[in-house]
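The two complexes that follow have subunit A in common; it is paired with subunit B in the first and with subunit C in the second.
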Partner chain A sequence: MITSMEKTKTAKKSTTKEWSAWLFVAPHLIIFAIFFLIPVVFGIYISFTDWDLFNAPTFVGLDNYKELFFNVDSTFYTQLRTGLTNTFIFVLCAVPFCIIVPLLLAAALNTKPFLSKVFQSIFYMPSLFAISAIVIIWTLVFNVNYGPINSIFNTSTPWTGTQPYAWIALVVVTVWWTIGGNMIIYQAALNGIPKDYYEAADIDGATAVQKFFKITLPSIRGQILYTVVMTTIAQFNVYGQPLMLTGGGPNNSTRVLLMYIQQNAFGSGQSIAGIASAMAVILGVCIMIVSAIQFKFLRVKR
Partner chain B sequence: MKANKMAKWLMMGVCAGLLVGCGNSSSSSGSSKNEITFWNPFTGADGSNMVAMIDAYNKTDPEYKIKNVSLKEGDMYAKIPTVVNSGKNIPDLTIVHAERIKQYNDNGMLESYDDLLGDYENINADNYVAEAWNLGELDGSRYSVPLDIHSWGTYYNKDLVEKYAPGALDDNILTFDEIKAAGEKAAADDVRGMAVTWVKPNFLSLMKQYGGALTEDGTEPTLDTQASKDAIGLWKEMYDEGVTTKDGEDPTQLFLAGKLIFFPEGIWLQNNLKDAEFEWGLTNSPQLSDDLNETVNWASSHQFVRFNSEERTDEKEKGIMDFLEWLRTNSLEWAKAGQNPATLDILNDEEYQEMPQSIFISTPEQQATLSIFDYKYNGYVAEYLDAHGFDTIFGKQEIDDFTSGMQKEVADKIAKDSSNK
Partner chain C sequence: MKKRTISSVVAFIFLIIMAAIWLVPLLYGVLTSFKSEMELMTAGFKILPIEWVLTNYTELLVNNTSTPLVKWFMNSMFISVSHTLLVLVVVSFSAFAYSRLQFRGKNVLFSFLLATMMFPSVVNLIPLYKIVDIFGWVNTPLAMIVPGAAGVFNIFLVKQFMDNIPKDFDEAAQIDGAGDLTIFMRIILPLIKPVLLVVALFSFTGSWNDFLWPSIVFNDIEKMPITSGLQLLQGMYQAQPTLLMAGALIAIIPTFLLYLFAQKYFLQSMSLSVGVKG
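Coming up: the complex of A and B.
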């Protein structure tokens, strides 16, 4: 009798517990569903249709993908190749610097130099600005006639209009803009490394470089993996910098896939949302594959 | 236990708040009974001129007041199909660019003004600039009423014109030959003859002068033509001969620094030139011939349209027409934004006559130079010109590739338009 009563009580308790668990994750779950899950599912569906935003989407099966992958004569085939190639070039050029520069700055700040808090704020500040503000600043810096870079080096390089300068400009702007986020993560990680390791290394006569590679790097391996993956994903979604700084030029060499996607779906002409969605799905798959590879190679082996 | 319960309620509150937030945002654009919801893309400096006009109108105590909703252009155009399809919260009145009207009409999204114009006989062809008025008439019905006609022109530095091109502007028409001569003279002093600016209006104006057109039948593009090649070719030639600004140079900066004679730009740019420390003027965009009858100035127009809506009552329709009729005779504020109102009533205003941009409307001959390219697929052409125009002028792409690429890209995009099939 008593046991059965106890049982119902515990059962009741556990359902209440379950409910409160759901309630706690609910805010995130709702936002996740509204702003991520539903749009993703809808986007994948749209990629199998012809849609102009005005009329109802018509289902066309794999036609969009066939056109993008196999129809050599199609403008959209060219767009996908150009856009994807340029996106990969950008990721390959930008991500290493987006990791190394903040890491070095964090390591430098970690030695607590004079005014380290001030420098920390200065390094972090660009991350607070919108990309449009950042690009306006750098457009002035790279200005052909009056820009400080051309004045200092006494050149007349059209930075944003010729290669490889356009890529260099884009990477510089991106690194400057994104230093803050990764730097903060590295600073926190570096703070967490026990001082004893370094003291022991000092006794053994290790140099600063040795300490960096043998102690610092291995200790923050987890954070580096996290930032490499997150930075890569972020840079795959590059859009604002080339849109405003180079306009995709010269000769489409910095036109990244997102620019094509945006223009096809929400350009100034009638929308071609089906093709745009298919391109977006392909970009998403690329990001997933690259992230998976990074995980495989960088995961801490225990 | 108590804390647990409280947390639960708190979470529930947060969730409810989230949902409420979602509900609210979608209904905020809905209009109340005696208000006309008016969507427009005026978020820049011109937005405050529009607000001033609406305030002035609302002060006349009309039965239906105007509720201004300014949206970022890209957002507004992305929102329109969704809102119109949903059938809810459709704006009562909307400003769209002239180039979009055919597309909206072909999708059956616009309501015609035919039944309303009877009571407002002053809203007619005689009282508006023809180029802006005519495009609103499709298949014998009127779907839009123009607010303005904003065109492309050339700003010039009066001192530099005096020095390098005396007399070139006596007829108010600037030819490429005159620019070339002036630019060659000025090059020695490190002054540029002409700026390479937004390719779309420059190219389209010139292509039309060479006898080209975006389309012959309204659907198929005709872009890989000799006229296209000649138009982009002439700009390239000007650049090659060192007459123009160079790749990467900022024309506005050079103009303000007194290093540029001729600056082809839109009439709306003049507010940016207020800081100029020299006298500047505004004239027609660069031409092939100095005959005013052959002059072409690229133009576009903001047009009032009404998207299909079952919620809009007949009384409200009347309120909309009252507003449009009021604007017909009260558009000076819009001219202050640097624009040219499409209503010819403005020509009677002395203050307007003093404004630099009034040259384009001042005479019927000048009005005839204005050319709106309202090809249904104009947007695709614009995207291509924006992406490839500068590259071709600056010698990074061959002229033949430019024109054939334009034809192909625009045709490929049109092939995707399901309303065509």
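Coming up: the complex of A and C.
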């Protein structure tokens, strides 16, 4: 008797509870549906249409993709090739430095040097600054005539106007801006490695290099995987640095795909949102494939 | 022991060199913002200004209608603060439900939300503009305040934090007849303050520094935030680097101050977030 009464009581309670639980998640779910779910579905659909952002989109099947991949005479074909190539060049150049530099800094800070907190703050700080402000400051640093780099080394290197200097400049700014987070992650990871591993290795007469590759790297494998994947995704979305530092130049050699997407969809003149969406989908697919590959290669080995 | 000292000396020298690379651009930017245009162009390379001037700042801040920096600054402040408040409310309510309440399909829904985090956001950029346009939000702060609250990561972070709070407290309150809202407001909310602070700091800086999205949804000079404003400024004053420096430095003051006062939380939170995800 008592148990059945309790049962009905809890059942009733759980339905009212359920109702209130939905109220708690509703604000987020509504915003999530309107500003994430619908745009994603719509974004994929739009890539199969001809659209100018304002009139109703016309379905054109795979035409946008055909144009982008196979129509050699099309400007969009050239844009995709240039943009995607430049994006990949940037990712390949920037990501290794965005991993190695903070790893070295974290290792150096892990020796607990004098002023280590101050050093940590200095390296982390730029990641909290707006990219447009950072690029303005670095534009001065790289200035041909009165920039400090050329003045100190007594050169007249046109940093942002010629290759390969333009790529070097972009990578330098990116590393300077973004490594703080990765450095903190590595610091925490290095701190977590038990000291006796190194003591045991010392007794066996291991060298510093051996210790680094046999103890340190395997111990922080999880954090390395995480940072490699996240950094790569972030760098695929590069936009502010080439837009404001090199203007995509010289000769479009640093014009990345996101710049073409922005220009086609929102630039001056008629919007070509269908093609731009197809470019965005292609970029998105590239990001997902690269992340999947990184997961596979960095995870399996143990 | 000797080996240890050698390696720490090497580490220290390395850190000094790197710190110089990190600081010199900033310091040179600060010093340049106090130079006159003439001096920068003609005096050759000097680190310190020969004559310290404030004209770059006054020109930008006083009676400036073509590039209203003060207005941009206030726009950014309003946007970032509002966005942060919205995120805090939405995230804490939602995380509470996923952590503490029972409803059908909860786990499936939460896993689905987590899975969407891996989806490349570039794909929804163009339709998002259209939706914001339909709502009439183009050139209004709402375009930057609301869409960002769709994110899932913060909910995950806060839920994880809540999961570690013992259930004894809420069960005791439940026995006393407290409803979900009371338990949330009276018991859980005070306990999750540390993680909410982290969410607030990152929401504010993220919103303040956002660059691509505002450049799409704002073309009205009066309405734009400071990141888009700086891009405009760069286009207009390409030949006046001293003025640009002043503008750039004003734009980084708020996040710089935030960092000075809340450094500990910024640094702690990085390991918090990777602990959750990794």
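Simple rule for what comes next: the second predicted complex is superposed on the first by the 263 of 302 C-alpha atoms of A that agree within 3 Å, B and C clash if a C-alpha of one lies under 4 Å from a C-alpha of the other, contacts with A are read in each partner's own complex, and residues count from 1 in each chain.
Throughout what follows, a contact is a pair of C-beta atoms (placed from the backbone, for glycine too) under 8 Å apart; a residue touches a chain by one contact, two chains touch by 3 or more.
Note that the structure is a prediction, hence the values are computed from the model and not measured.
Visitor: Could you tell me whether subunit B and subunit C fit or clash when both sit on subunit A in the superposition?
Guide: By the criteria stated at the top, subunit C and subunit B clash after superposition.
Visitor: Would you check which partner chain A:Ser20 touches, where first means subunit B only, second means subunit C only, and both and neither mean what they say?
Guide: After superposing on A, A:Ser20 lies in contact with both subunit B and subunit C.
Visitor: Now for A:Leu298: first (subunit B), second (subunit C), both, or neither, which partner does it touch?
Guide: So A:Leu298 meets neither subunit B nor subunit C here.
Visitor: Contacts for A:Val290 in the overlay, against subunit B (first) and subunit C (second): which applies, first, second, both or neither?
Guide: Touch partners of A:Val290: none, neither subunit B nor subunit C.
Visitor: Quick check for you: in the superposed arrangement, does A:Ile233 touch first (subunit B), second (subunit C), both or neither?
Guide: second
Visitor: Now for A:Ile31: first (subunit B), second (subunit C), both, or neither, which partner does it touch?
Guide: Both partners.
Visitor: Classify the contacts of A:Tyr146 with the two partner chains as first (subunit B alone), second (subunit C alone), both, or neither.
Guide: both
Visitor: Output check: A:Leu53 vs subunit B and subunit C. Expected answer is one of first, second, both, neither. What do you get?
Guide: A:Leu53: touches subunit B and subunit C.
Visitor: Quick one: subunit B or subunit C, who's touching more of subunit A?
Guide: C
Visitor: Where does A:Ala201 make contact in the superposed view: on subunit B (first), on subunit C (second), on both, or on neither?
Guide: Once the two structures are laid over each other on A, A:Ala201 reaches no partner at all.
Visitor: Figure out whether A:Ile168 sits in contact with subunit B (first) or subunit C (second), or with both, or with neither.
Guide: neither
Visitor: Which region of subunit B runs into subunit C, 56-64, 74-82 or 236-244, after the two models are superposed?
Guide: 74-82
Visitor: After overlaying the two complexes on chain A, where does the subunit B footprint on subunit A coincide with the subunit C footprint?
Guide: 20, 24, 27, 31, 34, 53, 143, 146, 266
Visitor: In the complex, go through subunit A and note every residue touching subunit C.
Guide: Against subunit C, the touching part of subunit A is residues 14, 17-18, 20-22, 24-25, 27-29, 31-32, 34-40, 42-44, 46, 53, 104-105, 107-109, 111-114, 119-126, 128-141, 143, 146, 148, 151-152, 176, 181, 184-185, 188, 208, 222-223, 225-226, 233, 236-237, 239-240, 243-244, 258, 261-262, 265-266, 273, 276-277, 280-281, 283-284, 287-288, 291.
Visitor: Sort out for me which residues of subunit B touch subunit A in the complex.
Guide: Going by the criterion above, the answer is residues 4, 7-8, 11-12, 14-15, 18-19, 22, 74, 77-78, 81-82, 85, 99, 103, 107, 109, 246-250, 253-254, 377-380, 382-383, 386-388, 390-391, 394, 396-397, 408-409, 412-413, 416-419.
Visitor: How about subunit A: which of its residues touch subunit B in the complex?
Guide: So the residues of subunit A in touch with subunit B come to 19-20, 23-24, 26-27, 30-31, 34, 50-55, 58, 74-76, 143-146, 158-162, 247-252, 255, 263, 266-272, 274-275.
Visitor: Spell out the residues on subunit C that touch subunit A in their complex, using ranges where they run on.
Guide: 7-8, 11-12, 14-15, 18-19, 21-26, 28-29, 32, 40-41, 44-45, 47, 89-91, 93-94, 96-98, 101-104, 106, 109, 113, 116, 118-131, 133, 146-147, 149-150, 152, 155, 179-181, 184, 205, 208-209, 211-212, 215-216, 226-228, 230-231, 233-234, 241, 244-245, 247-249, 251-252, 255-256, 258-259, 263, 266-267, 270-271, 274, 277-278
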